[in-house]
Amino acid sequence: MSDVTPVVQGRNLVKRYGHVTAIDNSDFELLPGEILAVIGDNGAGKSSIVKAICGATVPDAGEILIEGEPVHFTSPIEARERGIEIVYQTLALSPALSIADNMFMGREIRKKGWMGDWLKMLDKKEMERFAREKLTELGLMTVQSITQPVETLSGGQRQGVAVARAAAFATKFIIMDEPTAALGVKESRRVLELILDVKSRGIPIILISHNMPHVFEVADRIHIHRLGRRLCTINPNDYSMSDAVAMMTGAMEPPDDLRAA
Amino acid sequence: QSMGACLITKTDTNPFFVKMKEGASAAAQEAGIELSTFAGKYDGDVETQIAAVESCIASGAKGILITPTDSRALVPVITQARDNGVLVIALDTQFEPADAADATFATDNFKAGELIGEWAAATLGDEAANAKIALLDLNASEVSVDYQRDQGFLTGFGVDVKDPKDIGDEDDPRIVGNDVTDGSPDGGRTAMENLLQVDPEINVVYTINEPAAAGAYEALKAAGKAEGVLIVSVDGGCPGVKDVQAGVIGATSMQFPLLMASKGIEAIKSFAETGEKPANSEGLDFFNTGVELITDNPVEGIPSKTSEEALEMCWG
Amino acid sequence: MSDTPGAARKGQEYEQTLDRSDKNVAAFQRQHSPIEKAQHVLHDNPTLVPVIVLILSLLIFWAIAGGRFFSAFNLSLIMQQVSIIGMLAAAQSLIIITAGIDLSVAAIMVLMSVIMGNLAVFMGIPSVIAILVGFVGGAAAGLFNGLLITKVRLPPFITTLGTWSIYYALLLWLSGAQSIRGTDIDTNAPFLKFFGNTIKMGGANVTYGSLLMIVVFLVLWYMLNKTAWGRHVYAVGDDKEAADLSGIRTDRILISVYMVAGFVCAVAAWASIGRVGSISPQSFYEGNLQSITAVVIGGISLFGGRGSIMGALFGALIVGVFQSGLRMAGVDVLWQVFAIGWLIIIAVAIDQWIRRVSA
Amino acid sequence: MSDVTPVVQGRNLVKRYGHVTAIDNSDFELLPGEILAVIGDNGAGKSSIVKAICGATVPDAGEILIEGEPVHFTSPIEARERGIEIVYQTLALSPALSIADNMFMGREIRKKGWMGDWLKMLDKKEMERFAREKLTELGLMTVQSITQPVETLSGGQRQGVAVARAAAFATKFIIMDEPTAALGVKESRRVLELILDVKSRGIPIILISHNMPHVFEVADRIHIHRLGRRLCTINPNDYSMSDAVAMMTGAMEPPDDLRAA
Amino acid sequence: MSDTPGAARKGQEYEQTLDRSDKNVAAFQRQHSPIEKAQHVLHDNPTLVPVIVLILSLLIFWAIAGGRFFSAFNLSLIMQQVSIIGMLAAAQSLIIITAGIDLSVAAIMVLMSVIMGNLAVFMGIPSVIAILVGFVGGAAAGLFNGLLITKVRLPPFITTLGTWSIYYALLLWLSGAQSIRGTDIDTNAPFLKFFGNTIKMGGANVTYGSLLMIVVFLVLWYMLNKTAWGRHVYAVGDDKEAADLSGIRTDRILISVYMVAGFVCAVAAWASIGRVGSISPQSFYEGNLQSITAVVIGGISLFGGRGSIMGALFGALIVGVFQSGLRMAGVDVLWQVFAIGWLIIIAVAIDQWIRRVSA
């Protein structure tokens, strides 16, 4: 496809749920520094494929390579340890826990010295400071307190926390599954800015979205998913939204040279 | 087909019944009887005992030995067993009415209580008039052993028991109170602590059985009253007799579960062979398997055995 | 499209191709192994699982304990033995289908049997009236549970943990902790023992109580599956909020479920007098957990909304078959307890394995 | 405002949740036969106000009039009995129950004759027939079977069921709370067509959406909600999307003559 | 913007005004009634509720039963009496915080006390080793529960309903249904009774066992609130799927929770030998429900993720105070049962009322 090694590559991935084949021999690549949009009908398998990449589900067949090296994630933690972050459609926040607790979930900071080493005591101050800093950076500091439970936040604010968490810790790439679906115009805009901001820090992003204007605005490449597999990838500078929609809904055949293997 | 019999005990968690089971099994083997054993899951588990009786009928047993967990509730099912030609013998606890079973082999539980009551009164002498008595009973359901021993003890001690089938209707000021133990050590301890709270001057403690007595002693010890309080109990298990020896229990009324069991097996055997049913003791509505007062501080006029002698006869 | 007033009347430009879009839905085919096929069949008919377990356990104990076990007499005896717990399990199923749990069923039942007995045996009130008072009492006890759950919004587990103590204390008090003798019932109120009557057929000894249990299950099955009320019960258990929003009076449904369950407990109370032959305040102390055991072995989900009430019938029978079989095989109570523990775990594990396939 | 009696009218509605005032003395009207869009930031109180109208929450103060007559709904059933249907953001379907069961939830059809009258037996055949008919009408009959549990449907299909239910039974008006948020391009289009279809049957619709092109495409009037109250209502023929967004986010003051009371 | 390739690089036209949009968030102020204020204070400090209930019940029984009730001696006695159920409640809390429930805690405890006793008293193994074996056994029993729950995916209620039977059967078998006598323990393995020792302070009689209970609570409180493990435990109980996706090894956390709980049960087993003075298979038969009662009165949500473990300590103490107070007031056991039923309902109803305010 190109001579740069993809940051992540999936080959012939398959995932079945009982009678349903959610991923049907699909391929996938994310290139360094890019924003890759993934579009497709409801149920096409978009969420399934990114979950397979980040270890949230284990594919039934196929291989996944991170920077050319095969990996077999069995849990999102393993992906996370390699600097891969994902913002799920369902957000994956713990409602009763605080913003700070949620941001550091699974990578808490311990106190320095014996308190941390021996008593495993958390450094709450430091975590709160860091969380506040990150949220402020993202212009999301409209929340009253970093220690307030996530369940007291509005949908948009929650989305902000999830995105901030991913942006703060990703070193390899970030996956965002419909991050703006529930958001208002203003809030969506902020998330898009954030995506561009992350990209400018050199971290590539996979963005799943049904919002064509958003996709065409930020994506470097668009992966079109249909019936469980990659139909093709297109460059948004070469194709119009109409073309993309036509391909993704089966109204138009993809150009032969772009067709996926 | 060999002759079958069943033993149904209240629980499997009380050494008394475990001993009874061992005794019955041994006797059955000797007599060439195939013995099946059953037990409730807890004291008061009526359904399990009913189901056990029914299974015995279904399996064609010749006789059933049972320690009824509720002296009234089990009457209908054993009546059914008898109607099916099965010999039913109550062990340890009488049915109400007692003749619901073909025979009963039991301790005279009222007598057992009376003996320790008399002993306690005699030991205190004149002080008995100012005694402070704690009564540690079985549980809220007041089955026959429970009230018989409790009321027997009070009678022996010289307290007016009013209704001899009702625990707690007495108004003698010497009674500090009643509490339940479930016949277990932890129940005994908590009950003792509770009654000590009501009156720390308690100096006589009646307990339903020896496990409860052991718990009561722990509570007294913790309250610094290990000395100077008379604990009396019923059972005569070897651990209990050793407690008598150690001065933990002042006196206990020994029962003979092995005798109950072997007598029961014998009766089934002779019933199966000759159709003869066992007879009750003279003047009683059950066959008395006997009771012995065990104490190392005998008192005038009440025959008793010492703990040393008792260790030869004890069970468990 | 440009952003000027009134210019946005025909949808986005990029959507114009949609008319030509593919109208098919994805359809995938693949081979299934025989095990997967079996899993699917069972998935589509989940009540088959307890039925199969029941048949297997009958066969196993037949092999172990022999013809005496498999006799008509013993099988009808098992039916008798499970009849009371079976009816409690029917009541429990209703509640578990609404994602609740009722720790008080057995206490309600015993309380109502004590009330029926006190009225009919000691106070000389006609049996029929005593029984009706018991029925009303059962429904009232259920109503009290239901009100605490819906109006005070206590979780069912906590509510019934509390009311279990309350009902238990009341029954001890009303009974004076004394059993009512069988002979007293026979003389003063024999009708209380009605369900103890038996029909003898061949070697079998079928009590009216066993038949009553089956009738109770059939009626509840009908109510759950063939009436709107039943659909609402399932909907409430499945997702209470969704049911609420889609216009179900969920509180009313819940209250009615607890009342029906309380009523069924009272019916079981009547039957229990026939079964036990006397009225004992200390009977069925473990009936709550036993009824739950039957329900879960019968494959009804504790999370609500799923499972057929008939499963609970089979669950109760499975436990009965196990207990009877082990007893006949001469196994000690303690190993019976042990076996029931494993039975619960294994039966539910099989159920989970089957549910793991998506339809 | 106009001389026609509004189908539904809210006056000075107030709803508080603890510290939060979700509806702050807001007004509301829906006119006969119209599609009224409600737009506003996340947390502005859009869902709260429509819930108050359909009886899903009881407002703390204010009054609601249906066709000029005051009503006090205490549950969605009462609203439903008057022909008001709502498609919730959360759909409100029972996952384990079938499509047909869900469509008829709370208004099941009984068998004719004594079976129905005495035994209260449901007429499953008839309900399934009706459900199939409705779904087919809406072009949503891609589902395998009308008796399959809703949990086996894709997100888009579920949305279809919820919308079909509302459309089939509404006689007064329908409320739709972000019905296309989770939907793909194709599926969204179908829902919009459905909305227009319902309108053509003379039933007015309240549509909450963050999607400005959708709003401007179908709405007859736009209610702009801001900080818990109605800021103004505008006619999409008179204002651009930019204006609407500017007003709803506080970037622009609404024209004085449109300002809400 | 028109729909041509590469033309969509600056966002929608209608969004251009966003720069000027209002940056403030809505802020509403209003008056609160004193009751609402109290409700809010309690809402923010939910553990205050059981503390207040505890203080109130102390005061009430002081008034009813007088100075003897409120004496240092009696208060220290209540501590002693609740110490074992208190430790079980600590173990139970851990599990309930993960949205589970453990019906087997008491069986694990009694089983481990039997094992410790058999080893040390009958087999002559040094007490310390016997105790350690018990600790390992407790953790292993917890591990078994945890594996069934995570790997076989059985609901906790069902799992522990099953293992309760299994552990109970094992303890009957190992004990041969015999109690181990206090004097035998004194002679052969007095260290088993270590926690029965008392410190006398003023009139109070504080056993080491009471202190142990407090230590157990403090340690678990620290683990839950000050370590990452604790955050993960809450997260798992709050929303398991979210915790999974946000990178918590939820299965591992759950297994560790059940193991810690099993270990705490074994610690309680040791303490129970000191408390009871002997080892009896028939002790603590109702310990499971009693521990759950303490937890719910302590305001820990059965739905998981909410509540402080310290609540369970207060919950256990409240029950102890009630039992002691009612007894001193001369109330029958059966009315004690009745009162505990109401206590559960009222305590949790208050808790619900407070939770109904949003923060």
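Every chain is named by a letter (A, B, C, D and E) in the order it is written, and numbering of its residues begins at 1.
Throughout what follows, a residue touches a chain if its C-beta (ideal position, glycine included) is under 8 Å from a C-beta of that chain, and two chains touch if they have at least 3 such contacts.
Note that the structure is predicted; figures quoted are calculated from it, not measured.
Note on connectivity: the fewest steps through touching chains from chain B to chain E is 1. Listing every chain that touches chain D and chain E alike gives A, C. Greatest centre-to-centre distance from chain C is found for A, with centres as Cα means.
By number of C-beta pairs in contact, A-E leads over the other of A-C and A-E.
The distance from the centre of chain B to the centre of chain D, with each centre set as the mean of the Cα atoms, comes to 74 Å. Averaging C-alpha coordinates per chain places the centre of chain C 39 Å away from that of chain D. Shown for chain C are the residues in touch with two or more other chains, namely 1, 3, 12-15, 18, 21, 172, 177, 334, 337, 358-359.
For chain B, residues touching at least two other chains, in rising order: 12, 42, 140. Counting only residues that touch two or more partner chains, chain A has 43, 185-186, 212, 240-242, 245, 249.
Of all possible chain pairs, the ones that touch are A-C, A-D, A-E, B-C, B-E, C-D, C-E, D-E. Every residue of chain A that touches chain C in the complex is listed here, in rising order: 16-21, 24, 43, 212, 227-228, 240-242, 244-246, 249-252. Within the complex formed with chain B, the chain E residues making contact are 68, 74, 77, 80-81, 172, 175-179, 181-184, 196, 198, 205, 207, 272, 275-278, 280-285, 324, 327-328, 330, 333-334. In the complex of the two chains, the chain A residues touching chain D come out as 40-44, 154-157, 178, 181-188, 210, 212, 245, 248-249. Of all the residues in chain C, the ones that touch chain D in their complex are 1, 3-6, 8-12, 14-15, 18, 21, 25, 222, 226-229, 231-232, 234-235, 238-239, 241-249, 305-306, 358-359. Across the interface of their complex, chain E is touched by residues 11-15, 17-18, 42, 140, 177, 179-180, 182-187, 189-190, 193-194, 197-198, 211, 214-215, 217-218, 221-223, 239, 242-243, 246, 248, 316 of chain B.
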